Amino acid sequence: MIDYNPKDWFTFVFRLHKADTVRKLLPMIVAICLYSGLVAWLEAEVWKLSDDSRVKNISMLHSLLGFVISLLLAFRSNSAYDRWWEGRKLWGSLVNNSRNLALKMNALLPEEDRESRQLYRAMIPNYAFALKNHLRSQFKPEEFVAAGGLEAQHLDTTRHVPNQLASVLLRRAYSLQKQGVLTGEQLLSVNAELQSFTDICGACERILKTPIPFSYSVFLKKFIFFYVMTLPFGLAFSLGYFVIPAVAFVFFVLASMELIAEEIENPFGTDANDLPIDGISQNIRKHVEEIL
Amino acid sequence: MIDYNPKDWFTFVFRLHKADTVRKLLPMIVAICLYSGLVAWLEAEVWKLSDDSRVKNISMLHSLLGFVISLLLAFRSNSAYDRWWEGRKLWGSLVNNSRNLALKMNALLPEEDRESRQLYRAMIPNYAFALKNHLRSQFKPEEFVAAGGLEAQHLDTTRHVPNQLASVLLRRAYSLQKQGVLTGEQLLSVNAELQSFTDICGACERILKTPIPFSYSVFLKKFIFFYVMTLPFGLAFSLGYFVIPAVAFVFFVLASMELIAEEIENPFGTDANDLPIDGISQNIRKHVEEIL
Amino acid sequence: MIDYNPKDWFTFVFRLHKADTVRKLLPMIVAICLYSGLVAWLEAEVWKLSDDSRVKNISMLHSLLGFVISLLLAFRSNSAYDRWWEGRKLWGSLVNNSRNLALKMNALLPEEDRESRQLYRAMIPNYAFALKNHLRSQFKPEEFVAAGGLEAQHLDTTRHVPNQLASVLLRRAYSLQKQGVLTGEQLLSVNAELQSFTDICGACERILKTPIPFSYSVFLKKFIFFYVMTLPFGLAFSLGYFVIPAVAFVFFVLASMELIAEEIENPFGTDANDLPIDGISQNIRKHVEEIL
Amino acid sequence: MIDYNPKDWFTFVFRLHKADTVRKLLPMIVAICLYSGLVAWLEAEVWKLSDDSRVKNISMLHSLLGFVISLLLAFRSNSAYDRWWEGRKLWGSLVNNSRNLALKMNALLPEEDRESRQLYRAMIPNYAFALKNHLRSQFKPEEFVAAGGLEAQHLDTTRHVPNQLASVLLRRAYSLQKQGVLTGEQLLSVNAELQSFTDICGACERILKTPIPFSYSVFLKKFIFFYVMTLPFGLAFSLGYFVIPAVAFVFFVLASMELIAEEIENPFGTDANDLPIDGISQNIRKHVEEIL
Amino acid sequence: MIDYNPKDWFTFVFRLHKADTVRKLLPMIVAICLYSGLVAWLEAEVWKLSDDSRVKNISMLHSLLGFVISLLLAFRSNSAYDRWWEGRKLWGSLVNNSRNLALKMNALLPEEDRESRQLYRAMIPNYAFALKNHLRSQFKPEEFVAAGGLEAQHLDTTRHVPNQLASVLLRRAYSLQKQGVLTGEQLLSVNAELQSFTDICGACERILKTPIPFSYSVFLKKFIFFYVMTLPFGLAFSLGYFVIPAVAFVFFVLASMELIAEEIENPFGTDANDLPIDGISQNIRKHVEEIL
């Protein structure tokens, strides 16, 4: 994710940032300009359409469908943003549960039980790093802090890594209760935090694996394509060669909305708009180590 | 559900995928083309309408109602997508609860209680498969793994199968507590997972059995039909034979939105856009067997 | 509620179903047609308005306000649909809690405590039936199954009937705990289900007793009325006698949206679009009796 | 709140109810009519603008901004309605929690502990009345039923009254547990109800004290004002003196939406659209007294 | 936050409040006026465009894109308002949890345990003040009330201050239980409140650190800029020098919506629209001190 000052209009309008859609759409925009110019030239020079040609009225169609395409793109943006924001909430919730579990374990565990303290101190942040890497289909042993006899090479990377860590966290809590270190009620008071890790992991996997239904994706792309491709025919009549920037601008607007939606729909990658889950994981480590 | 790369525009625009609405609407689109052509021919050749005929102004009506129909379709898409996404969340929650229950049972059950471990190892995934089949009004004995003396043929398929499995899961937990294997607090700490199965089942049944209110469905279809049927009268005047692709395109857009909404509204079937609940069930089996 | 196949366009478009808004609006539509015809005749034959009369431009007003009325109706439909869907969720939740309570009581109660089993077996479904009848301001003794010495005539129908049944369910659970049949933790594990009945009842009462704020209802009806009444003046100029079907169609669209919203806003009645709460109550009885 | 039959169109359209926005806006509507008439007269008689005057095209601006103002008002209505509906949900939840607490206390308290029963029988409804009065910045001793030695004059009305009652409810529950009348688990089973009172109170205070952000309120009012004030200039050209009802109607529509939103945004007062919290409080008293 | 009476239209429309967007946009509005005047002068006096110049039709583009820009701004306003409102809910929830914890501790702690009572009396409000200052990246020792031996200078301001206070609150509760002052069930009954502090803190940090995705911010600003910059070319043709107020008004509307959204998106600062978290913190102190 890019840190930025949302109030600084100047650089927003004039600088071409790496994540700017203008940059990504540039080749397409150039192609659209050439195409629109060609259509304008054909209409004016080759077909020499008369002033009352019906081609002029094709624009009626575009203004009729302008509503539908706008609403569809708004729907698309909304659903993509909701996923992005839900992903952010899930990681925020991971921060909260990591902190609360650390705070509670700090209060519950006897000072002398160094080993259990060390286990939670290492494994709570390990879970965040493991989840981050799991969502990016990778495993980074260097981000794993060994504790309680569990080292990075003991993890079976062909199986679900976050589950293995959640299992460590849960087993220790139940075994502390069986040993009498924790009472039954104390166990219940950390139950919500302990099970939240797996809930968060499952919800992130859901966002990752379920893009918008295939039919919407196909339909919206076909719709934008045909809308923009037919646009110069009607407009060239009224706008002449001004049709070139006009169609390019319309294309820029419609395609940008689809492009941004595609990018933020899966918020766990390393794109410019993706969530700063590397930083969040480091924060969890920092805070948990401050507490425990 | 179809796995796809949402960033690959080219194949989206030009390939006719099996789930593409163009494919399904093709016969209707051809019919609309013929009808629009007929209207254009009648206006131009038979009725020979003069340039100031009032027929021309029928388009005013279509632009007036264009906004209403767009908003209605947006409302329809939103509510259908919400069901689809809620269905996905429910199955995500089934994954989470299955994993958490397995993780906790793994920590709680003594190593030597092979039979109880085997029971949860088999029945947690059995529930997912039974729910999937229940939502499709079928029962597949080959997807049932026998454990604890319960085999596929013991299930009464004329009654609610997921309830029978939920009952097995619950009874074992309570009987373990009565035997003293689990303490009261340990029982409470798995209570949320145990009752979640039936909650998820009920919520899926709700989505399955409750489409959008009948009146909206009728009203929207009548509205689209009359809107498209009257469209060529006004447009043919301005567009001549260009009315044929224009009306076909408008019909394609409006009908696609209704068609996709219908399809995703019930997300538990085997259509191209439906949720991958077969795969999710297999995943639950895989992960639970890794854990327990 | 009407069971229907949402993919069957043909019958939707051409059949006049009982719940169809066309049917209900027919007298009004006929009146609007006569009124529009009268306006068209007055403009053409009596007032003999010239072609540049300013009456023609009244349509500007209608297209200006077309957005606002469409957005208002979308807002109206959304809020009505949300109530309908919330009502459905509440009854789905009643199903889930009834099943979970039955499943848990089945696991908790000793086989020999026939009387308590019989009590829950009868009273859980009785609650659903009582709530259904309460929401329709009626009481049907024939839908009450006696158990534990409680018969239909013992209920005080001048007081809140569902509360009396919730009290029976709760008292028995607490007295079972006082007798030592249930432990404290077992009691806690059924606490959520026991209190959910009253929560669901209260939420249904809220939906039933609170329609959309009075001012919106008045405002929207006044707005639609004046919008449609002034529509023919502007349109008759451009459309001549075509104004008759045009205004009728606009009226049909706007009034249908308001009409459907009114109907589904209170989803507990016996209208065609209302929720199938009779069937759900019977389902609860069937499933609870299968379980307990 | 006004009880009404939403299906009765006739009286809605033709009667001027007390809460009708027409009534409140009447002076403004008259002023707008005079102003529009003046503009129309100036254009036609004084400035004698020619037919191709650019003043005519000012309407382009109004149709361009028509979208924005409509969407803003829809956003305003949505956020105001959400508050109103959240307020209703909170009071519905107060009903549910009052009933559930009464039902549980009825089952938990021994028949002979008359004093505790009387305390909850009086204080649960007292809380609802106190909250209602607190939200209206008043205190009505006549709505307070004394019990357990606590009388209206013992309350410190300079401090937060609902908190004092919540404290009474909580202290009694904890002291019953300390005396052994309630077990620890029984205490936990009423914990959710006991803390809900303060949560509901805080949420109502939030709605009461936080209107829509100041900048939106200013911006929307300025926008409506300038939009309506400039409207007659463009329209008078096309509509002549018909501009008077036209501008008045547009003003009525836009201002009504803002007016209704303002009114329902704070739903705890005694306006016509406000929530029936007097009635709800009485209902809580009636039901709690039936139960306990 | 500014306290205001939303029903007072007069001052809203005519006074230039400090937080008014007109004030902030004034330099830009002046610049836009000059620019529009220049374009109008160039078109009329320098280029002397003929009446059928295609430049006139550029307005088609603006009305085509007017819908998209409106929907985008509505989406922007919605998402910013949702954050603002979520922030308000979180602080409302902090109020509720602070009060409930104080009420419960008051009931639970023995009268003679002055020291624990004093600790909660001081630390619950300290948490609110510390969170407020943490969200503004500051630390104010004068807002900290010492208790239980913990003074402002003992806090490590280089580390996460709210976490240190949450740790104090949690440790005391667990140590009271270890000492037998609280029973296990009593501990569980305050568990939700104790962990809510950290959850609220984490959620506020999430809102603070995550503005709308960078790409939307860039795209929207570019879109508004080019839309407004090209607007005078088309409009000057139809409106002449009236284009100056017209473009200024359009700019005022579009930029205000973006400006307000930017401002309320981060609601924890000290801007005019920000949440009154200073006042809320003081309220928490006042109420907690009344209770404990």
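We just call them A, B, C, D and E in the order they show up, numbering each chain from 1.
Everything that follows uses one rule, which is that contacts are C-beta pairs under 8 Å (C-beta built on N, C-alpha and C of every residue); 3 or more make two chains touch, one makes a residue touch a chain.
Quick caveat: nothing in here was measured; it's all calculated off a predicted structure.
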Any chance you could name the chains that touch chain B and chain D both? C
Could the interface between the copies chain B and chain C be described as same, meaning over half of its residue numbers are common to both, or is it different? different
The assertion on chain C/chain E checks that the Cα superposition rotation, as a multiple of 5 degrees, is 145
Please tell me the distance, in whole Å, between the geometric centres of chain B and chain E computed from their C-alpha atoms. 37
Euclidean distance of C-alpha centroids - chain D vs chain E, Å: 23
Chain A: which residues touch two or more other chains? 63, 67, 71, 74, 184-185, 188
If you connect every pair of chains that touch, what shape comes out? Choose line, ring, star, complete or other. ring
Provide the residue numbers of chain D that touch chain E in the complex, in ascending order. 54-55, 57-58, 60-61, 63-65, 67-68, 71-72, 74-75, 79, 159-160, 163, 166-167, 170-171, 173-175, 177, 183-185, 187-188, 191, 195, 198-199, 201-203, 205-206, 210-219, 221-223, 225-226, 262, 265
Can you check the complex and tell me which residues of chain B touch chain A? 1-2, 4, 6-7, 9, 12-13, 17, 19-22, 59, 62-63, 66-67, 70-71, 73-74, 77-78, 81, 84-85, 88-89, 92-93, 95-96, 99-100, 103-104, 106-108, 183-186, 188-189, 192-193, 235, 238-240, 242, 246, 249-250, 253-254, 256-257, 260, 263-264, 272-273, 275, 287, 290-291
